[in-house]
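For reference, the structures are reproduced in the following blocks.
After this come two complexes, each holding chain A, first together with chain B and then together with chain C.
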Partner chain A sequence: MNFFNKIQDQAIYYQSYLKNYYHILQLPVRQGPLRTIQHLKKYPWLWQLAKVNCLLDVVTHGRSGNYRKATASVVEMIVPNLMELLDNLDADPDRLILHEDMVPPEILSAMGLKTWMSELLGILLPIVDPHSVEKYIDVAENAGIPPDICSLPKSTMGIMLNKEVPPIKAIVSSNSPCDGGMASYQLIKRHLDVPMFQIDVPYNFYNERATEYFANELKKMIFWLETNTAGKMDWDRLRAICEERNKMAEYELELWETIRRRPAPLAAEAVFLSHLWCFNVRPGDPDGTLLFKKLVELARDNINKDIAAVPNEKYRAVLWNPPLLHFIDFFSFAEQHYGLTIINDSMSYNRQPFIDTTSEDSMLKSLAHIIMTGPMARHTRGPAENYFNDMFYMYSYFDLDMILIAGHIGCKNTAALNGILREKCRNKGIPLLIIEYDLSDPRVVTQDAIIQQLDRFMENIMKERRN
Partner chain B sequence: MKSFYVAGCDVGSTTGKAVILNHEGIQGQAVCPSEIDPEDTARKVLAMAYEKINDINTPQDLSYLIGTGYGRREIPFANENISEISCHAMGAFKCLPKTRTIIDIGGQDVKAISIGETGEVLDFSMNDKCAAGTGRFFEMMAHIFRMTLTQFSELSLQAQSIISVTSQCSVFAETEVITLLAKRKSAADIAAGIQSSVAKRCFTLLKKTGIQPLVTITGGCSKNLGLIKALEKRLRQPIHQLSIDPQLMGAYGAAVLAMKNS
Partner chain C sequence: MDKQTGNPFQFSIEKLLEKAIESDNVPIGYTCNYVPSVLLSAGNLFPYRVNAKNIIGTEVADIYLSQVTCSYTRSILEYVLDDQLDFIQGWIFAAGCDHIRRLYDNLQYLVEPDFCHILDAPHKIGEDAIQWFEKELKILASSLSDHFQVDLSESALACAIKNHNLLMTSLKEISDYRKKEPPFSGAEFHRLLMAVWTLPLETVTTLIQSINHGLTNRTCPISYRARILLISSVIDQYEWIESIESVGGLVVADRFCTGAIPGINPYPEGDHPFYDIASHILQTNACPRMMDTFDYRVSLILQTIKDYNIDGVIVAPIKFCDIWGVETTQLMSILRENNVPALRLEREYKVSGEGQLHTRVQAFLEQMKC
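Now for the complex of A and B:
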């Protein structure tokens, strides 16, 4: 890499760094010193989130040029968005709703409600600081929650049990994606003593009746929210949100098309973290659309200049299941030490992305369809074929060399499939690594032990030594 | 002209193993208890292996040396180090080319290895987190019976029936066995129960990688005939014996690879 490129890479980093800190520092300015101190005392996780800019180090480490620019742009999107979400700590409690990650936030936003996604902290905190949710997991386990439940609902429950959640008016949850997650809301409801609506996602969803049924569930949810909160449904606003989301989805499809190319022009956080944030936390945000437009442009530019995201790309893989939250550097580690480009994760790969905005009913049906057939919902419930078909589709569509499974020990639903999966991959001759780890608790399997698993697999199966 | 010898040195958690090869075959081999420092183990076991070879006086006299086993990265005079999984696969394949499934039971871990038609590793699965089912587990069990490992193995072969040992954890299994002995249950039947419980664990591991015939066993525990009998019963197929001491298989595989890579 020449000197000019190095300077350019440094400039990308520092530009983002300063921008992000500007947004982080705006929060205490908006809230004032007294409220800030009160919040820091009441919500100790704010100390961790104040370090969110360290995510920039993770995503830019070892990356250069457009790839670096793309991953930095994702963090530039997350940081101000997160700070805006934290404004909800002071939101009108009549409008603040606690919602589960499987509940479509589009509807809640269209109703003029402020949202607090229960699982967001459980996801974000270990990304920012690997050890940050351990204390919440301990709180939940000490309160009698079985230790073998997924650490995401456990950390979420721990936060709730510690009352480190802003005052809310109501809870909206669902029966997805797993029993542990679903059951956790009974505890949260009882502990926070607020009304809750739990939408029922049908188990067998490959038919029109299921879509009708689930769209009707969403209607019931809207009615319930209008009765129990200050929110009122604004269908025009929902249409605007859905249309914006569709634009973002169009760009995302284009992005996926570009990363089919070998070597990939962009990968990892530029592809999965952008989806995780923009589609699950802020769908319909025009800034999200702009981000995806930029990602597509950067990918196209790399293709035109024949530049690979990972210059020494030798292998391509997909990471199945959620990314390793407490070891988010895993992607760049694999790139630098093995020339292994992890181009995407399974959670981001939703092949049913568009919303029909022609009528109120069509919007609800499309949203219902997206939720029902979304990767996490369809992989952790329903027939095992959903899981395998998607995986092998991605394997051939993205011309992969191996499949890496993030074998989260708390996920009983997917753990149960591993035996069949091994058998299927063996028959197809697909190299498979099931990484044993815990989603958010590094005490169960440390980062070193995760690396050891990758090392053994790469050395023995792929015959590749670590650089 | 200097003679051509290559070697494989397997520094395991319990024992060090070395095999010296030339174009005519194995010229030297040795097993010794592991020292605290893996380098010391390697030096010691290699010295034992080349003791009777006049041309070799130091490890540097070897044309090529491959280290394997848990201490493989701590052998500074090795030309290369290769994981024990690949070495066991190569060693077993070289001895028995039709082998497709290997169960390797070492002092502190257990591995199931699936290999292809050229000896390459297709898949593997291992337990290196729990002592149950490892060589260390058998040592503990033999100690309860006040026996050597060989005596314990022979005892299990005399069983009339099998008394199940339900505890999976080594510590609790020890408690369970002591309780059974205190109840004056047949020692041979209890010993067979221990072998059977380990065979079950191995079977679970083997299922992950797929069980294709021929199946063979490597590692120190391959000398435990009671375990082999229990494994054959569980797998419903014979465990094929290797022509070379299976405990040496990692070192032998490393030496074979050294011959290829030199």
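Now for the complex of A and C:
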């Protein structure tokens, strides 16, 4: 890499760094010093979130050129969005809704409601600081929650049990993606003492009958919210959100087309973190569309100049199951030490339709399909084929060399398919690594132990030594 | 009844099952209360609540289901792979929980049974959910009818409900003894229940008549220090209850999947049997898999405590069950709020660690000053 490129990379980093800090510092300015101190006292996790800019270090580390620009852009999108979400700490309590990550916020936003995603902290905190949710996990376990339950609902319950959540009017949740997640909401409801509506996703959802049933569930949820909160459904607003989401999805499809190329022009956080944030936290946000447009342009530019995201790309993989939250550096580690590019992941890749905005019913049906086939839910619900078909399709579609499973110890649902998976991969000749770890608790399996698993796999199966 | 001891509860389920199968009865296996057993009683079919009561280890099942799934599902898979359940002619599952769903997937992959069906049981009890489930039951009935050539028309089903309800009524008469001084132990009653859940209706009817007859002039065979309500998911080994009773805790109320509360409540006998079954199953089962029945589940427990004059409650979830894990945490705090002595006892499906069980129960009884 020449000197000019190095300077350019540094410029990308510092430009983003300053922009992000500008947005972070805007929050106490908007809230005022007294309110900020009160919030820091009431919501101690704010101290951790104040460090969100360190995410920039993680996603730019070892990356250069357009790839660096792309990953930095994702963080540039997340930081101001997050600060806006934190404004909801002072939102009108009559309009603030606690929603499960499996119930995306399109409908709530269209109803003029403010949202607080229960699992957002459980996801974001360990990304920012690997040890940050340990205390909430301990709170849940000390309250009697079995230690073997997934650490995401456990940390979420811990935060709720500590009452470190803004005052809310109501809760909406579902039976997805797993029993642990579903069951946790009864405890949350009881502890916060607010009304709750839970939507019921059928077991097998790839059929018209299930879509009808679930669209009806959404109708009932809207009616319930109109009755129990100050929200009122604005269908035009929903249409605008859905149309914006469609635009974003169109760009994302283009992005996936570009990363099929070997070597990939972009990968890892540029693909998965952008999806995780824009489609799950802020769907229908025009800034999200702009971000995906930019990602496509950067990818195309790399293709035109014949530049690979990972210069020495040797292997390509999919990461199945949620990414390793407390070890997000795993992606750049794999790139730098093995030339292993993680092209896409099971949380991002989907075959969801564009939302049909021709009528209220058509919008609800499309949204029903999207929620039923939401991240994790589309693989953890329904028969085992739902889990395997996508995986093997992605393997050939993205021309991959191996499958990496983030074998989160708390995900019993997917652990119960590992035996079949091993046999299927063996029969197809696909190298498979099941990484044993815990999603958000690094005390269970440390980062070093995760690296050791990758090292052994690469050395013994792929016959590759670490650089 | 055992002629030598005169004990009406001394019968061999295995022998009765063997006899039933020899008489051309066809056992259909099911694993969850969300599968309506009455639907599996058509023609020569009979419902068999799948168990692996003599399981020793789950080494092979662990390879497929992993060691972090509930030991009930692992034990069943191990039993299947060990050819212990070859007599089952068809399998009906309900998508009740993550673990059972994955048992279904692994069974399909490893064994491919001739008849294997999974019911999509909703997690809610409202009208839409009932109608959804009614349709599911009709689909199952049609598959069963086609595969086994049995009559599952509405009229045949109405008749099956009637017979089932007659059996449940006579069972309830025995069960109700437990509200006062029962002439049998909790373990004995549980043996009877396991016969009810695993044998043809005619066999069980005869058995209940004989037990009813044998109860005259009988007293409770154990001296006890406290009356216990046992709350759990699947318990199909009476030895576990026997262990609790051996240290003085008489199990008089059984709020678990294979227990009588609310398992022996009769079905409604209306004009639309599929609808009636669907509503009965969704609304009366007290499984924590349901999203909108928490208050019902709690009130059922509190009512049972009152009706059965309970001294203490043992909540015994199977390890690795998420829904029972979270439910137990809440139940424990509610029971404490209501000043009900309660013991949380995590367990494995297989009866094991009896010494530890004795110590825990003894300490619990002493805590209650019984």
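Observations on the model:
Basically, the second predicted complex is superposed on the first by the 465 of 467 C-alpha atoms of A that agree within 3 Å, B and C clash if a C-alpha of one lies under 4 Å from a C-alpha of the other, contacts with A are read in each partner's own complex, and residues count from 1 in each chain.
Here is the rule we use: a contact is a pair of C-beta atoms (placed from the backbone, for glycine too) under 8 Å apart; a residue touches a chain by one contact, two chains touch by 3 or more.
All of these numbers come straight from a predicted model, not from anything done at the bench.
Considered on the superposed chain A, chain B and chain C are sterically compatible, since they fit side by side. In the superposed pair of complexes, A:R456 makes contact with chain B only, with no contact to chain C. Of the two partner chains placed around the shared chain by superposition, chain C is the only one that A:G144 touches, whereas chain B remains out of contact. In the superposed model, A:G419 makes contact with both chain B and chain C. Once chain A of one complex is fitted onto chain A of the other, the partner contacts of A:K6 are absent, as it touches neither chain B nor chain C. Within the superposed three-chain model, A:R35 lies out of touch with both chain B and chain C [touch as defined at top]. Residue contacts after overlaying the shared chain place A:R466 against neither chain B nor chain C.
With chain A used for the fit, chain A forms the apex of an angle whose arms reach the C-alpha centres of chain B and chain C; rounded to a multiple of 10, it measures 70°.
Of the two partner chains placed by superposition, A:K305 touches none, neither chain B nor chain C.
Comparing chain B with chain C, more residues of chain A are touched by C.
Taking every C-alpha atom of chain B against every C-alpha atom of chain C, the smallest gap after superposition is 5 Å.
Shared interface residues of chain A (contacting chain B in one complex, chain C in the other): 419. Listed in rising order, the residues of chain B touching chain A in the complex are 82-83, 85-86, 114, 120-124, 126, 207-210. Interface residues of chain A, counted against chain B in their complex, comprise 419, 422-423, 426, 432, 456, 459-461, 463. Of all residues in chain C, those touching chain A in their complex are 63-66, 68-69, 73, 95, 97-99, 101-106, 108-109, 118, 120-124, 128-129, 132, 135, 288-289, 291-292, 294, 319-323, 325-330, 332-333, 344, 346. Taken together, the chain A residues at the contact with chain C in this complex read 143-146, 148-150, 175, 178-180, 182-187, 190, 198, 200, 202-204, 209, 213, 216-217, 220, 380, 383-384, 409, 412-413, 415-420.
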